[in-house]
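Heads up, there are several structures right after this.
First chain A sits with chain B, and in the next complex the same chain sits with chain C.
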Partner chain A sequence: MVAALPLTLTGATLRRQGKTLIGPVDLTLGRIGVTVVIGPNGSGKTSLLRMMHGLQRTADGRVGWSVADAIARERQAYVFQRPIALRRSVLANLMFPLRLRGASRAQAEAQARAIADRFDLSAMLAQPAPSLSGGEMQRLALARALITEPEILFADEPCAALDGQATRQIEALLAGTAAAGTRLVMATHDMGQARRLASDVIFLLHGRIHETGPAETFFAAPATPEAKAFLNGDIVE
Partner chain B sequence: MGDLLAGLTEAFRMIVTLDAELIEITLRSLRVTLTALAISCLVGLPLGGWLAVRRFRLRRAVIATMNALIGLPPVVVGLVVYLFLSRSGPLGVLGLLFTPTAMIIAQIIIITPLVASIAYQAMRDLWSDYHDLLISMNATRGQRIVTLLIDARRALLTAALAGFGRAIGEVGAIMIVGGNIDGATRVLTTAIALETGRGDFALALGLGIILIALALIVSWGSHWAMRTERQGTW
Partner chain C sequence: MIRALLLSALFLSAGSASAETMRLAVTTSFENSGLADILLPQIAADTGIDIELIVVGTGQALRLGEAGDVDAVLVHSKAAEEAFITAGNATHRREIMYNDFVIIGPDDDPAGIAQAGDAPEALARIATAQAPFVSRGDDSGTHKAELALWNAAGIPTEGDWYRPVGAGMGAALNTAVGMGAYVLSDRASWLKFGNKDGMSILFEGDPAMFNQYAYLPVNPARYDHIKAGPAARLEDWLVSERAEVLINGYRVADEQLFTFNAER
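For the complex of A and B:
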């Protein structure tokens, strides 16, 4: 199987109603690692992720995968900041992506039960998904995204609005996913989380990549004054 | 008051004695309406889903037209269907005028916009929830519509019941295209109209009570079958 990664963005730009939201962005994402996208509110973290995933069409430039776009689409998954529950049981939610790809009911159910086990969801398989708590729902969203074994997972603030225990659980699952070889691209506003998970960092400001580099260097010695100020907890405009 | 009481007594008598004519008329009412409803749902529900997920240039115009067609006067629909099916009309050779089939055709035209419109509104709201997820999961257009149809099923039941209610109580159109022929095209509503005209209020009212009971039974039955209000709010 030819890998869909690396992903290369060349001059990728996102506009809405004449306003430039993102870009131009030039960026290459390699096959392994955890890229954490940070930046002040409104800097375009979500838009950047959505653009890479193809949920938002670029106005200029290119989001180029190493395989045809149609194949690349099958190899990625996305976890939204506000998890979207299908109005079905937890089990049916987990089976859904597989059923879309034409898996048989029995096969999808077997896989769903296996992943539910890993994500601590087995006890609630029969429950309607919209009745889950925030942390449970985010675990379900993550499991549902990973059940197709994507090559790359985009996660937009997956721990926003979760309590400490749920955050710890989600972080452990994300780290495990990355360790198992899934490329992770994650937006977060939680610097502690960024430090815990990142292998490299993209610091966004006004829709552009202001600074990027390996996590260790970035956190130890940010090159730009804005990044330094942001890490200090100052307000960056 | 006396007429009402007489009506209740008459309804009770007809039900208890299993009045042959009553059963025949009731079954014909159900057959015509349920057939029309099934075909309307087959067309209207996917149409509503398609309108919810699809963006095209005339979309707003199509939706506005569909909503306007809800108010289509049944008598006019009956008249137009009559003209089409009459001997000298374009479909006259089929010989469908004054048959239950003609009544079904008229009812389909009357209730499909209603079914499609309610279905569209329910699925449009659901689509705004599901949009990002289904796009992200690369669902085809057909899969998106099927997903909405399944997950909005309880709201679609409302659409179907609204269609059923409009069709079972409809009298103008089916009177024109069916002709209220005894033993062939007489249904509950046309029988009520006839008996009222004749002055037999007790019989008319009795039939009316049975008509209302029928609507209630169908509604209860379908809600029970779909288990609405029992598994969460949806």
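For the complex of A and C:
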């Protein structure tokens, strides 16, 4: 199977009603690693993820996968800060992406049960998904995103609404996912989480990439005064 | 909001001195389709009835009927119509024809709804991708139909991706085009919409998205001034073979919009 990655953004820009949300962005994402996207509120973290995932059309520039867009779309998944659960059982929610891809009911159910086991959801398979707690719901969202074995997973503040224990659990699942070879791109406002998970960092400011590099270097010695101030917890405008 | 179109003035005939008039409330989607411009002259020629059209949403049309401001209504919201009859405002409802709703979205279809097998699946694809969806949000017949589809799909319409605009079809389509969002529209409004920039019909054809129009004559027992005679003759005409040919033959951009399905 030809890989969808690397992903190359060339002058990629999103606009709404004349206002630039993000861009122009030039960026290449290789096949492995955990890219953590950070920056002040409104700097464009969500817009960048949505643009890469193709949820919003670029006004200018290009989001180029190494395979045709339709194939690339099948190879990626996205986890939202507030996931949408269908008003069905946890099991049916897990089976849904596989059924969309034409898997038989039996095959989808077998895979759903297997991933539920890994994500500590086995006990609640028959429960209606909307009755889950925040942490359980996010585990379901992550399992539902990963059940199709995507090459790349986008996660937008996946722990923003969770308590410490649930955050720890999601982080462990994300780290395991990356270790198993899934490319991860995650936006977070939690610098501790960024340090724990990142292999490289994108620091956004005013919709542009202000600084980017390997996590170790970035956190130890940020090159720009704005990144340094942001890491210090100062307000960056 | 109420636009009274005195279309009868546009085609005075030799016999108009003796023509009867009646008032019919219709929905914006029907008026937007352009079909009225085809039917009304033929109705006048065949029956001698000049129809004054009152163009409003389904809910408002039924309120006009309840108040005795119109002699009949032609609307599309079965549950509301049945409640209207139960309340004694109309003697019966007669199904005339249907058109359909379609889901419009950006040509690159980020949620992949074009591959969906049915309407609930198309909506589930939009919701799970949290792709932006513009809703009329104005309690119109189209808005009610949209909510019924989400409900049937078991999807809560909450979150940043779901954007009610509280506006008519044209405004909702403009917003959707501006955002690159998905939107449910009646087919006629979409075909007649001028600003399709990068958007197209991505999902259509599920019978759950058919939109049944029914004719309800206002109960003459409620008000002395209700014109029951012309209202009954109009009903006979609407279910006639002549009406069937005109309705099924009506085209916009080479597409048939309405399908006649009245029982005779």
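FYI, the second predicted complex is superposed on the first by the 237 of 237 C-alpha atoms of A that agree within 3 Å, B and C clash if a C-alpha of one lies under 4 Å from a C-alpha of the other, contacts with A are read in each partner's own complex, and residues count from 1 in each chain.
In the analysis below, a contact is a pair of C-beta atoms (placed from the backbone, for glycine too) under 8 Å apart; a residue touches a chain by one contact, two chains touch by 3 or more.
Everything numeric in this text was worked out from a predicted model, so none of it was measured.
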{"item": "Three-chain arrangement built on chain A, chain B and chain C clash or fit", "value": "clash"}
{"item": "Chain B versus chain C as contact partner of A:Gln56, first or second or both or neither", "value": "second"}
{"item": "Touched partner set for A:Ser131, first chain B, second chain C, both or neither", "value": "first"}
{"item": "Chain B versus chain C as contact partner of A:Asp69, first or second or both or neither", "value": "second"}
{"item": "Chain B versus chain C as contact partner of A:Tyr78, first or second or both or neither", "value": "both"}
{"item": "First (chain B), second (chain C), both or neither touched by A:Asp163", "value": "neither"}
{"item": "Which of chain B and chain C A:Arg16 touches, first, second, both or neither", "value": "second"}
{"item": "Chain B/chain C common contact set on chain A", "value": "53, 55, 73, 78, 80, 84, 86-88, 96-97, 100, 130"}
{"item": "Touching residues (chain side chain A, partner chain B) in the complex", "value": "53, 55, 73-74, 77-78, 80, 84, 86-88, 96-97, 100, 128, 130-131"}
{"item": "Residue numbers on chain A that touch chain C, as the complex places them", "value": "16-17, 53-57, 69, 73, 78, 80, 82, 84, 86-88, 96-97, 100, 130, 144"}
{"item": "Chain A partner contacts - residues on chain C that touch it in the complex", "value": "106, 108, 110, 112, 115, 121, 124-125, 127-132, 153-156, 159, 178-180, 198"}
{"item": "Residue ranges of chain B touching chain A (in the complex, touch as defined)", "value": "126, 129-130, 132-133, 135-139, 143, 147, 150-151, 231-232, 234"}
